Amino acid sequence: MKAARKFPRNTLWLAWIGVLCILIAAGVVAALLVFSKGLVLTNLSDRVPWGLWITIDLSSIAVSAGAFSLCAAVYLLGLKRFQPVARTATFIGLIGYTMALLSLMLDIGRPDRFWHAVVFWNKHSLLWEVTMCVTLYLAVLAIECMPIFARFEWLSRRFPKLTSKMLGLHRFAPILAVIGLGLSMLHQSSLGAIYGVLKARPYWFRPDISVLFIISAVAAGMSLTVFASMISSRLTKKVKVDDDLLDRLAFFIGWILIAYLYFRFWDALAMTYTYEPGRTEGLSLLTQGTLSFNFWIGEILLGLVVPILLLLNKKTRAMPFWRMLALALVVGGMVAYRWDTNLSGLLIVLSYLPGNLAVAYTSYHPSLIENVSGMGILAYGLLAFSLGVRYLRVVNHQEITHHAQEKLVAEPAAAD
Amino acid sequence: MTKFGKFAFSLAIALLAAGITLAIVQAKPETGAPVEQTLNCGNCHAETQEAWHGGAHGLANRDSLFTDAWAEQGQPGACLVCHVTGYDPSTGTWKQDGVSCEACHGQANVNHPAEPMPVQEPAELCGQCHSDARFGWQEWQSSTHYQRNMTCTICHDPHTASLKAVEGQGEEGHSALCINCHRQYSMNFSYSVHKQAGVNCIDCHLRHYGEQADRDVHTMPDHSFTANLDSCNTCHASEMHTSSDEASASLLPIDLSQPETTESGQVSDQPSPLSPYGYAGLAGLLGLAGGMILSPWLDKAYRRVTKDGRKQ
Amino acid sequence: MSEPKLNRRDFLKLSAVGVAVISGLKVIKYATASETEAGPHQWVMVIDQGKCTGCGYCTLACRAHNDVPPHISWNEVTLAGQVGEKPVYIARPCMQCAKAPCVDVCPVQASTYRPDGIVMMDYERCIGCRYCEVACPYSARSFNWETFEGPNPAVPEWGEPEVPRRPRGVVEKCCFCYNRIDRGLSLGLIPGVDPEATPACINICPTGARVFGDFNDPESNVSKLLHERASFRLREELATFPRVYYLPSIPEA
């Protein structure tokens, strides 16, 4: 950047970190207010009990799906050349799951009882299953990220033995990939099924939300990984990426989007047939009502059609600007999908009066506290990723190849 | 053991002993209670006792209105039959002041609170005192409320000895309680001439007989709840034999707007309108993109026009 | 990693089998849901819409006896419509469904079935995720968005609290005054007949529109009422099997 010549070289970096820290501080203040005064500070109500924070939670888990899909590709399908991207994806996954946990801590009424789900089981509950899988998968991600943390130079200088042990954990990668795949397939789709099993909400009560959630998660996760890799390489010369790899991934993402669009199309079309109170109104909220901009522009046009055209067309896929734009739009579209799914069921108020088919509507806009704390969580994610790029070199396609990794693993074993 | 250690140890023992003593002492019931006196209800039922204490039942033998009149009449025992609890005419003593808990609930069981206190509410219980001939008890017994087994406590709070309070629905005073159950009458009555003139349910259906000044304190309004010709004559006595043209009371043409619902306000029939900012932002972005694409050509065209202009 | 290709295939097979097993287990668990054994009593409430005047005394008595905050109604009374000239109201306590969506979805099993049919809430276990609130078809559950401090305006006029006040951050709902029922049964009283053993809303109804009793007892007031009169339940098409029956208001001849 030419402007940076007048200032010390890392001014932009410091400014970026500074802004993120301010946002995080504001988020912490907002969170402390919520912990002390209660959720009455939000615009949530008994009619709309789930709002912005749950959307952040769902979206964070969705964009972390790159971890399990790329690790599965590398270690189970044998596509070893994607390993560097898988590493980036795993790190993003760890950040994403911690973001999800933070937003959940904010959202539940009793954060001091967050451990109850692990101790008190309800095997019938999908939310319990999601909590257990998220907890276990977080552990899996943490172990999978140990080799990444081991490359922190200060750590390897200060604690060389610990660092080599951490590096050595890499040999468990295939097993962890299997476990991660199983856990992720379970909870990514269960997140959709949380909505899908509620017969009280006719708009939600169908089985294909789970399918849509997992497909959209895979697309969003891989998109965010590729986007983050590309933008890191553009912002600093120290980060080198293999554009060929990213191009292949972008191509693959384009086809996933086509599959997703197919399911989404039939999912929406099927609901237009016959009037069912609650369901028809939910769909009309999406297509014509309060959520229509989010749906048509956010989800369909910008979130699916434009990225499909950009990613499947070789010329536009080769141009970094259009590829990055398409990937960013995909992530935005998948976040919009989760916002729409959550609200389309909650904004519809069905009467329990007998024979009364009247449907009423309620409204929801996040309050300042929700927005500030949400921004704080997002800023934390960006900060963690920025630090990872700079100090842990999570985006680096040149440094370590598969064979070099094997050598590193073999050495500590030989030293014992 | 060091000196300090010994001291610390004995201090601990001392505290333990003191604590145990305190615990034992506090576990004892309050001393000085004679055998006949029962548990102090207010120990647990503090709010109720407080409410009772300030109401007519609690003040029954303390209120100056009573004590003055009683003293004036030579402190007759007949008054105490109702104004205190457990009056014993032979000794002239009584168990508790005012209309106490036991007057209606009876003596507490030894097992209370494990065994609940009886809360019987038949009208006859209130009638033990309130059926004196002056009270118009017979009117109450002729009322539909009584015929349908309704008790005094539906309208009257026995502890504060006042009327129950329900959230007013635009009605004032005691009539809010009537409207609370008889809602079908509230819709039309609110818009009637009578209501506009400031007449309420109780003015016709719960009238006192006689003027306020002469009224004996031991009266109650007519609990037969019937509105008869006497009610009308309260105001319309002079109009009784006039022609219908002069004395017509019609419903005012009032606009019957939205009936009141009990839903809390955030629900509506229509979904909230789509915010225009989304499309405005999109239009802005398209304008930006379009402008960036078109600007070189626009610039060329502008230069061509001005060049041509200058040439000419 | 001597034969990478074979190893990878094995892992693939392993993972496929693993996922299949896990999903299969999930399906089996849902299918063979363990249910609480039904007890000797099955409590049922019957509300006669013909007698209900919409006065709201039941809501106030409930609020006082259960120390419910003023902005929350465990028993909600709304105008349902009109039959002839008469407005008809509906009072909606918790339905205590036999197949309750709230029990299925609670991640920590804070909602459970009692053998007598009451759906119990464990306020010490609830983490306040509000999934049950989203799942309830009757909007019978309320969340404590803030701490309720200070005196309850419904006390002592409408009653006195008999259960502890709930803290902030938990979901609460009507529990058929299980504490009164349990205490009454231990003293040999009959819930629905003896007022001390009956829910507060039943006792206070001025018109006797609310009736409570044991569905298993053919001689109980509820059994007789349900035999004699036609009744309906709310949202029966959802198959939640609620335990609150309504007797429709009959237009006067």
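In this document, chain identifiers A, B and C correspond to the written order of the chains, with residue numbering beginning at 1 in each.
In the analysis below, contacts are C-beta pairs under 8 Å (C-beta built on N, C-alpha and C of every residue); 3 or more make two chains touch, one makes a residue touch a chain.
Because the structure is predicted, anything quoted here is derived from the model rather than measured.
K.L.:
So, comparing C-alpha centroids, which chain is the farthest one from subunit A?
P.N.:
B
K.L.:
Measuring from CA centroids, which chain ends up nearest the centre of the complete protein set?
P.N.:
Smallest centre-to-centre distance to the global C-alpha mean: chain C.
K.L.:
Where is the C-beta contact count highest, in terms of which two chains?
P.N.:
A-C
K.L.:
Between subunit A and subunit C, what's the gap in Å when you average each chain's C-alpha atoms?
P.N.:
Each chain reduced to its C-alpha mean, subunit A and subunit C end up 36 Å apart.
K.L.:
Using mean C-alpha positions as chain centres, tell me how far subunit A is from subunit B in Å, no decimals.
P.N.:
So the centroids are 53 Å from each other.
K.L.:
Can you check how far apart subunit B and subunit C are, centre to centre, with Cα atoms defining each centre and the answer in Å?
P.N.:
That gives a centre separation of 27 Å.
K.L.:
Which parts of subunit B, given as residue numbers and ranges, touch two or more other chains?
P.N.:
Within subunit B, no residue contacts more than one other chain.
K.L.:
Would you pick out the residues of subunit A that each touch at least 2 other chains?
P.N.:
45, 47
K.L.:
Tell me, which residues of subunit C touch at least two other chains?
P.N.:
Within subunit C, residues 78 contact more than one other chain.
K.L.:
Enumerate the contact residues on subunit A facing subunit B in the complex.
P.N.:
Touching subunit B: residues 45, 47, 281, 285, 289-290, 292-294, 297-298, 347, 349, 358, 360-363 of subunit A.
K.L.:
List the residues on subunit C that touch subunit B in their complex, please.
P.N.:
Of all residues in subunit C, those touching subunit B are 53-57, 60, 76-79, 85-87, 151, 155-158, 160, 183, 187, 195-196, 206-208.
K.L.:
Would you tell me which residues of subunit B are touching subunit C in their complex?
P.N.:
45, 47-48, 51, 114-116, 118-119, 148-150, 154, 157, 159-160, 164-166, 180-184, 259, 261-263
K.L.:
Report the residues of subunit A in contact with subunit C in the complex, numbered from low to high.
P.N.:
37-40, 44-47, 49-50, 72, 75-78, 107-110, 113-114, 116-117, 120-129, 131, 174, 177-178, 181-182, 185-186, 194, 197-201, 345-346, 350, 352-354, 356, 406
K.L.:
What residues on subunit B touch subunit A, complex-wise?
P.N.:
Per the stated touch rule, the residues are 266-275, 278-279, 282.
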